[in-house]
Structures are given as C-alpha cells and as structure tokens.
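Common to both upcoming complexes is chain A, partnered first by chain B, then by chain C.
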Partner chain A sequence: MGFSISVEGGQGEATIKLVGELDAAAAPQFKEAIEKLAVDKPQRLILHMDQLEFMASAGLRVLIFARQKMGADVSLYVIGSRGPVLNTLKMSGFHHSVYLQDTYAPE
Partner chain B sequence: MDKLTLPAVLASLAELRRYAREAAAAAGIEEERSYQLQLAVDEIATNIISYGYKDAGPMAQIVIGGEITADVLIITLEDHAPAFDPRTRQMPDDDELSKPLEERTIGGLGIYLAMEGVDRFDYRREGERNLNIFEMRRRNG
Partner chain C sequence: MQRIDTQPTHEYQGYRICPGQPFPFGASLVPGGVNFSVFSRNASYCVLVLFEKGAREPLVEIPFRGMFQKAFSNEPVWGEFRIGNVFNMTVLDLDHEAIEYGFRMDSGQPRAAAGQPAFHRFDPSVVLMDPYARAIGGRDVWGQKPDWQAPYPHRSRVAFADFDWEGDRPLEIPLEDLVVYEMHVRGFTRHPSAGLDETVAGTYAGLREKIPYLKKLGVNCVELMPVYEFDEFEHSRWDEQQGRWTKMNYWGYSTVGFFSPKAGYAATGRTQDGTMVADELKNLVKELHRNGIEVILDVVFNHTAEGNEQGPTISYRGIDNATYYMLTPEGHYYNFSGTGNTLNCNNPIVRDMVIDALRYWASQYHIDGFRFDLASILSRDQWGGPMANPPLLEALAFDPILGKCKLIAEAWDAGGLYQVGSFPAYGRWAEWNGKYRDTLRRFLKGDPGESGAMSQAVQGSPHLYYGRSPTASINFFTCHDGFCLADMVSYNDKHNEANGEGNGDGANDNASWNCGWEGPTEDVSILSLRERQMKNAMAMLLVSQGVPMILMGDEFGQSKQGNNNTYCHDNEINWLDWSLKQRNADYHRFVRNMIAFRHAHPVLRSKDHLRNTDYVGSGYSDISWHGTRAWQPDWGGRVLAFMLCGRHAKGGMSEDDYIYVAMNMYWDALPFEIPRLPEGSRWHVSVNTGMPTPQDIFEPGSEPELADQGNCLAGGRSVLILVGRSAGP
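Up next, the complex of A and B:
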C-alpha cells in the first residue's frame, strides 16, 4: 500500500494530506514536509488523515516535532481520523493537544 | 507457519506487518485486534532495526515466525542484536500522556503502544538471539 503525502503551504493555514501507511520508513517524508512548512510560520496546521490506514509511533513523534518546531501557538487539526489510527492518537494522549475533527472547522 | 527472514531495514516493516496480518487472519482474529498486533510487531521491529542493529552491517537480519494453537496466536521476532528487553524500557505514565505536546518527551511511546496492544508480551534471550514474543487470544474475552 505504501505511503504518500501532499502538502499545501501558507502563512495562515498549512495543509498536509497523509495517505496509506505511516511507519518509521515513511515518517522522514512527513518530517521533511513539516520542516518546509514551518518556514512560513503558519498559524494552523491541518492534517487530513481520512485515508491514513496505519500510523506507528514514528508518526506521533513527527506530530510532537511539528508542535515543537512550529511553536505552541500553532493550532494542530487532525481531520477525518478514524478506527485504530484515531484510537492510537487517543491512547497516546494527543487528543489533549490537537483538535480532532471529522471535517475541518477552525476553532 | 513458515518463518520469514528479512533484511533488518525499515523498508522491511511493511512485510513484517503483512506477515502478522496474514497470521491473524489465519487464526480468525478480528480486524481491530489484528491491527493492534501489527502495530506491536511494527513498533518492536522498528526498535530492533533503529537501535538494536544501529551499528550492525548490511547483513543484519530479522526473522518473524507464527504459531497457531487451539487458543492463541504466537508471533515471534528474532534478531541477533545486543540483548534488549523492551519490558525494562521506561514507559510514559498517565501524567506524561496528558502533557501538552510541546512538553512531551518522545521516548517509550512505541513500546507502550506495543505492550498495550497485545494480550501477552514476552522476551527471552537465547544464546546470541533476542526473542520478542507476542501472544493474541484467538477469541476475544
């Protein structure tokens, strides 16, 4: 199945769509995308995960990296996450720090 | 089930998950619990490849095997890296897990997810081999 990522940058909102299986082999692509987007200092980072079928802790670590790289002021949105991927986010306590939404609605 | 030997590289993770997925299907384990098993195998294998075999050459290998008994599915990962028992790794507690992301430390999360996801986890050192053993009941409850 593999992994693919598409990115749309901007100063207000930056959007990343994650598709497939995000394991430790794929995580560097995700991290690189975050590093590039961080240059524009977006206020909101929106991660579309409705087609993300698998996510290991390597993916979670990139989310922690995003928050630490972009600063505590950036709002993180995880959109469309479901099933076991959503379960992993919750088990890891990420629901305390990111907005989990079915469709994107800025808070 | 026949054992599968793979190069100890991150590109082998997908194949390791596929093995666990097929074993779970053969054992009649439902999808949600199959995913938990695949995640556990993926996390422990990632640790072996990234840390255990950090200084190993390109010949390093990881072996996955499966055994289905009347009650359980047992998946075993074998490697020849230095001895490491994942159960000794300090894992995040509730306090750590509820911290905001900017204050989170990144260690231990993968092993935590692995341990939480399977019914039983065991580790043994046999000679020069590490054995990481994952057990799932074939019927939930």
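Up next, the complex of A and C:
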C-alpha cells in the first residue's frame, strides 16, 4: 500500500489528509507540505488520519517538526487516528501537544 | 547560501565526507550530515563502520586515515581525520534514522591473549559501540532472545533532540520536602494485576499510566533503578526443563552505555526502530513533572558490562582499555565493584565522560537528580586508593549544569570502603544513610539500648552530618538491596535459594525479626504484629528529619519470599502485585496518610539541624526529649519520646503544630506522661499504631482530641503521634 497526501488551504485553517502508510520514504512529502502551509500562517492545522494505516518514526518526527514550525499559537488537530498510529502518538506523548479528536470540532 | 564547512572534501565508496568537529563526542546531527567523534589515546588506527539498522553486515567501513577520492572527482587524495587523540569525521547525506554505527580500532601492537591480563585490548575484528552513543540498539525488546553469534550486539544509533517539552523544567523541590519512591520501571507495571495493555506493561509508557497512583500515594519523587542501556541477558540462565529464563540481569546494575536510555523499557522499542525510545522516556519525565513528581536516576558509573579479562568486548576496552579501567601493575582489572572491573573514574578522560553523561541527562531529559551506585569507588584514584579530595566528586558538586540537581551517594563500595558520614560532600552530596537503616531496624525489633542512637537518627543524624544538613541523610528502612519491609518483619534469615548460589549471596546481617515464625503463617496474632511493625517502621521513617525513601511495594506490604538479593528475577518475586493494594487496604491507607502527615507538617522537614534549644522564644526547645515520664528520657531502653515545637518549623520561618512522638518498642503497653502544651493548646491523636484501622491514623485536620491531656497509653510495640494545636477560634 502506498501513501498519498492532499492539502487544502482555507481561511485561517489548513487541512491535510494522510492516506496509507507514512513511512520514511513518504515522510519528506509530508514535511514539504507542512513547510508550504507554514508560510500562510494558519491558525489551525487539521490532520485527517482516519485512513492512515501506519506511521513510522520518520512520520512522527514530521509531526514534531510541524508542532515546532507552526509555533505554539497554532492549534494542531489530529482527527480519526486509530490502531497503531494512535498508540504511537500516545506512547511518545505527542497527543498532549495536539487536539486528538474522532471528528473535527474546533475548540 | 551554503555553509563551507558542510561541503564534502573527500569521497569513499560513494560516501561524501569532510573533516569533522571533535566536540561533542559521539554522533551529532550537523547541517547536511552526521558528525562522528571518538577518543582513543592509544589507538593508531580507527575505522567508522556504518550499518543499515539491524543488518549483520556493514554498509561501509570508512577509515579515518588513508587514501580517498577528492569529492566530485576521481582524483585520489590522502586524508586523515583526527585532531590530537580524537578521530572525527562528518559523513554527509546520511539517512541518520536508518543507520547504526560503530568503530574498529587497532594499535599496531601484538594482540592481548583472550582471558590474559593486558593494558591494551585492541582487536580490529570487533566492531565497538560508541561510549557516547545516545541511543543503542540490539536489545530493543525486553527479553527477546538475542542472536548470541551477532558480530555487533550493542549498536550505536544517532539520537534526536527535537522533543517538545512544552515549557517543562526540573521541579527543584527542596530536598528536605521530598518523599522518595525507589522503583523499577519494568517491575512497576509488568504484573498482570497492573491491569495494563500488554503493549505497555512494564515500560516507561506503562509507568506513565500509573502516575495518578503515585500522586495519590503522596510521593513527590521517583528514583528509577538503572535506566541506562544494559543487557538483561548478562549472566542469564535458561532452564531447559522449565522452559524459561531462571536468571536475568533484571535490576540492570551493569551499564552498557551511559548516554542511552534502556530501549527494552520502552513500549516504542518494539515498533519504532528505537527512534521513539528517548521520546517515550522524556514524555514520562514531563508527565511526572506535571504531577509534581521529580525524577532521580540511579546511575552506575563504577563499572561496565564488560566484566573482567574473560568478559565481552563491547566498547570501552576495545577503544582504550588502559584509560577506561583501573588496572593492576600486571594489567589485571581491579574489582572494587564486585563485578569484574572498575571504571577509572578519576582519569581525566573518564571523569569528563561521567560529567558529560550527567549533563546530558540533566539537560536533555530534565532529570532532577542522581543516585550514584557504589559511589565510594568514585573517590578512588587510578590505582584504587581513596582520595581526600577526589576530582570527580568535586567537579560534580560544583558543576554549573548540575547546579540544582540532587546528588546522592551510595557511600560505600564492594572493596571495603565505607564512607557513610564521611563521603566527600562539598556541601552538595547527600548519602544513603546505611547507619540510619541499621539503627532503626534494631530499635524496631526491640533491641535494648538503641534509644540514644535513635535520637540521632530521627534528627537527621547530626552525629554523622554535623556541619552539613539533615538532608545529607537519605533515610530508609529498605531499598532494592536487602529485605523489603514485609520480609524484614517475616524472616530472621535470608532465603536466596532461587538465586542459584546455594543461599550464599546477599547480606547475612539483616537486623530483621520474623515476629515469631519464619515466613508465611496463618497465625493471626503474628500477622497482626507484622502489620503493626510495618506501620511502626513507616511512622518512624516519616517523622525523621532528613529525606525519607520508600521502596516500591512496601506501601502495601509485598513480600519477596525472604529473598534479600533479587537482582536476577524477572518474575513475580520482583513484579509489583497490585492486588495487594486491596488485600492490604488498611495498611496501605496508613502509609498514604502517614506520607500526608509528613507533607502537612513542616516541622518534620527542617533544612538545618535542630539545635535542641529554644531560639524563637516559644518556651520550648525545637526538639525536646522524653521517656515514659515527660522530660526524662531513658537512653538505655526500648522507648523513645520526643516533642517538636511547631514555632521552630523551618528554622522559625514557618508555623506548625507541636508534635509529640512516643515510640514504645517494649513488648508490653506502657503509660507515657505527656509534656504540657502552651496555654490554650490541646493534644490531638494523629497516629496510634496500637489501634485497629481506622483509629490507627487520622487524616490531617480530623484528629480527635486526647481525653487525658497529661497521660496516654502506648501499646506494646507501637508508635503514638500527637499533634498539639490551639483548641479552636
């Protein structure tokens, strides 16, 4: 299974949908997307992960990068993560730095 | 704009490289690549060996000296990447997440024969782990049987420093206000009764899930038994008949790498190539801090996992044996640690490594303090002699980065040096007070003539730490070494048969008492006495000046089956049995409330030694001594009573109640005459271990007033604590 990413910019809000397996080979695409979005300085970054099957550490590191690149003022939402992806987020404690939701509901 | 120093100058088998930076040692991420730097005074030849993660065979071996190609051309060019005794090289465009690395070293001298003494033990056939490796692979999943033939078993990895701390900082709780909980990461949540998911049971993540329990218990510091990378399979034993490991290096007092967290303690060690191990531990520290709990690491700098001449070559001995280890004039390993070798801690290079490691943990992991295993070794010179002014201990005491870290010494070693009370402290070091432990155990079991020694112990041992602080004394009845509390009141003798050494290991002198029957019994009167003795112990510990330390499991009376040296058991002997929390609920309630009692009363937590005088004009000394008659202590018996004046709390800077403690370790009940309180104040009963629950202890604020304000009765082998406060508005 491959990896695909779709990005949508909006008013103060940016949305990224991650599908498939986010491994080391796919991580640079994700990182590039984050870097591009950061330029527009959105207030909220929403990451849809309900169709993400697997996330390698390289993917996690991009999340950490996103958190730091966007800055503390930007709210990060991780939507629909489950299974091993959710476990990884929790064990590494990343879920404390973001809003972890089943469906998107802005805080 | 591109930086000039990240441009490749040389090329080797397709890998672009340039001269590196000597500092920091180890592998560091630099713009465009990874910088490798390693010290060896005696190696003349060094090779960087790169592996794909987990691969048996290397990807490439790049020498630090020899013929290379010029970068971007086929022209041959000489290169030597070394400054002084440090080999350093930057390799560009490396996928640092996907690699592991090591070194080969040689001196050009004849090789030392295996098992024979030697000063240098270079062997270029062995790939060596980096002494500064910040992450180590090879034992990623606890207990997963390793490939014994693996050519490179402990594998250096590159680590990251991008953890999001969200403003977390070390807590800097004053030492006198700590209640320390000594614990084992795996043992804390491995038992099924912990009720955790299999994926996190026995890990850092598992511990994190149990933080609410620690908070409710009331401890504000956890002291983690070793979490530096170690090999749980060192000296392990597999039993074919039973189909299981009967011995493992469970405690972990045998360091493989000083800069790397134990990967097998991470739930993410199993799934994430080891790249999230550090994050998992950092997340645990952050969460503990959020809950007001400090983290002290038990660190083992006295020896390594390489053993003696017969031991494996993992790193240090293959890099610079004569630097890293204390050697006899014949080239044998000195064995002050009792484990085969002794780290040469007062060699300047090794001293720097120790300091670098501690600075790294303090800054990168936000660790609040360190407890040094067999710390007396750190005061020995390179030939083993004790020094009056050991440079390492002095450097640690005055180190700027460690400036607010707690430094705690196990002030003895296996070579006969015993420094409790005399450890070179520089106004900074605290000590595990072994003498406190011995005194309290003897007093508790009713040995006569201990009350004088007890009076020193409950004051923070001023006889040992005069001119220092009561906080120099880490007070404890029990620690991982020796009997746990339940066994201390259930066994006269050790029962270490399960260790497979014919009960020959472990301490023989335990100052324990079985209360009338050796080991498990159904006898209600014995069981009740044992529980009371455990309550007595907790009460004595938690009213003593100094820093109390409680061993994991003692808060609900877990037994280790009489084994006083459980270093090798990865099973129910060591795993915390959470069901005891319910089964021994009354006793557990007592411990929790006793900890709360300490937190509620600053007069128990003096930063400076008590003066035995009245220096605030309250009409009472800060501490006064009593016996069965008020103001008449009996220094020869089994009884001790004392009163703390609340107006002297925190050197007179804080207000507190008066506290009166009567300890009756005589077997029968005794009447105690109580000292009179100032006008308008009344005595209230806080603790009476002679009473059944819930009258054994009252929560702070709910203590009933004592009917007879002049006298009370303390049951046989029981502790009574009264608080004196004004009768009301």
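Definition applied: the second predicted complex is superposed on the first by the 105 of 107 C-alpha atoms of A that agree within 3 Å, B and C clash if a C-alpha of one lies under 4 Å from a C-alpha of the other, contacts with A are read in each partner's own complex, and residues count from 1 in each chain.
Keep in mind that, in the parts below, a residue touches a chain if its C-beta (ideal position, glycine included) is under 8 Å from a C-beta of that chain, and two chains touch if they have at least 3 such contacts.
Being a predicted model, the structure only gives us computed values, none of them experimental.
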Partner with the higher number of touched chain A residues, chain C or chain B: B
Partner chain in contact with A:Arg61 - chain B first, chain C second, else both or neither: both
Partner chain in contact with A:Ser97 - chain B first, chain C second, else both or neither: both
Touching partner for A:Thr88 - first (chain B), second (chain C), both, neither: both
First, second, both or neither for A:Lys69, with chain B first and chain C second: neither
Which superposed partner A:Ala25 touches (first chain B, second chain C, both, neither): first
Those residues of chain A which chain B touches in one complex and chain C touches in the other: 24, 56-58, 60-61, 64, 67-68, 84, 88, 91-94, 96-97
Complex contact set, residues of chain C against chain A: 95, 97-98, 160, 162-164, 166, 199-200, 203, 205, 208, 266-268, 271-273, 275-276, 279-280, 282-284, 286-287
Partner chain C, residues of chain A touching it in the complex: 24, 56-58, 60-61, 64-65, 67-68, 84, 87-88, 90-94, 96-97
Complex contacts: residues of chain B adjacent to chain A: 10-11, 13-14, 17, 32, 35-36, 38-39, 42-43, 46, 49-50, 92, 96-102, 104, 106, 109-110, 112-113, 116
Complex contact set, residues of chain A against chain B: 1-2, 21, 23-25, 54, 56-58, 60-61, 63-64, 67-68, 71-72, 76, 83-84, 88, 91-94, 96-98
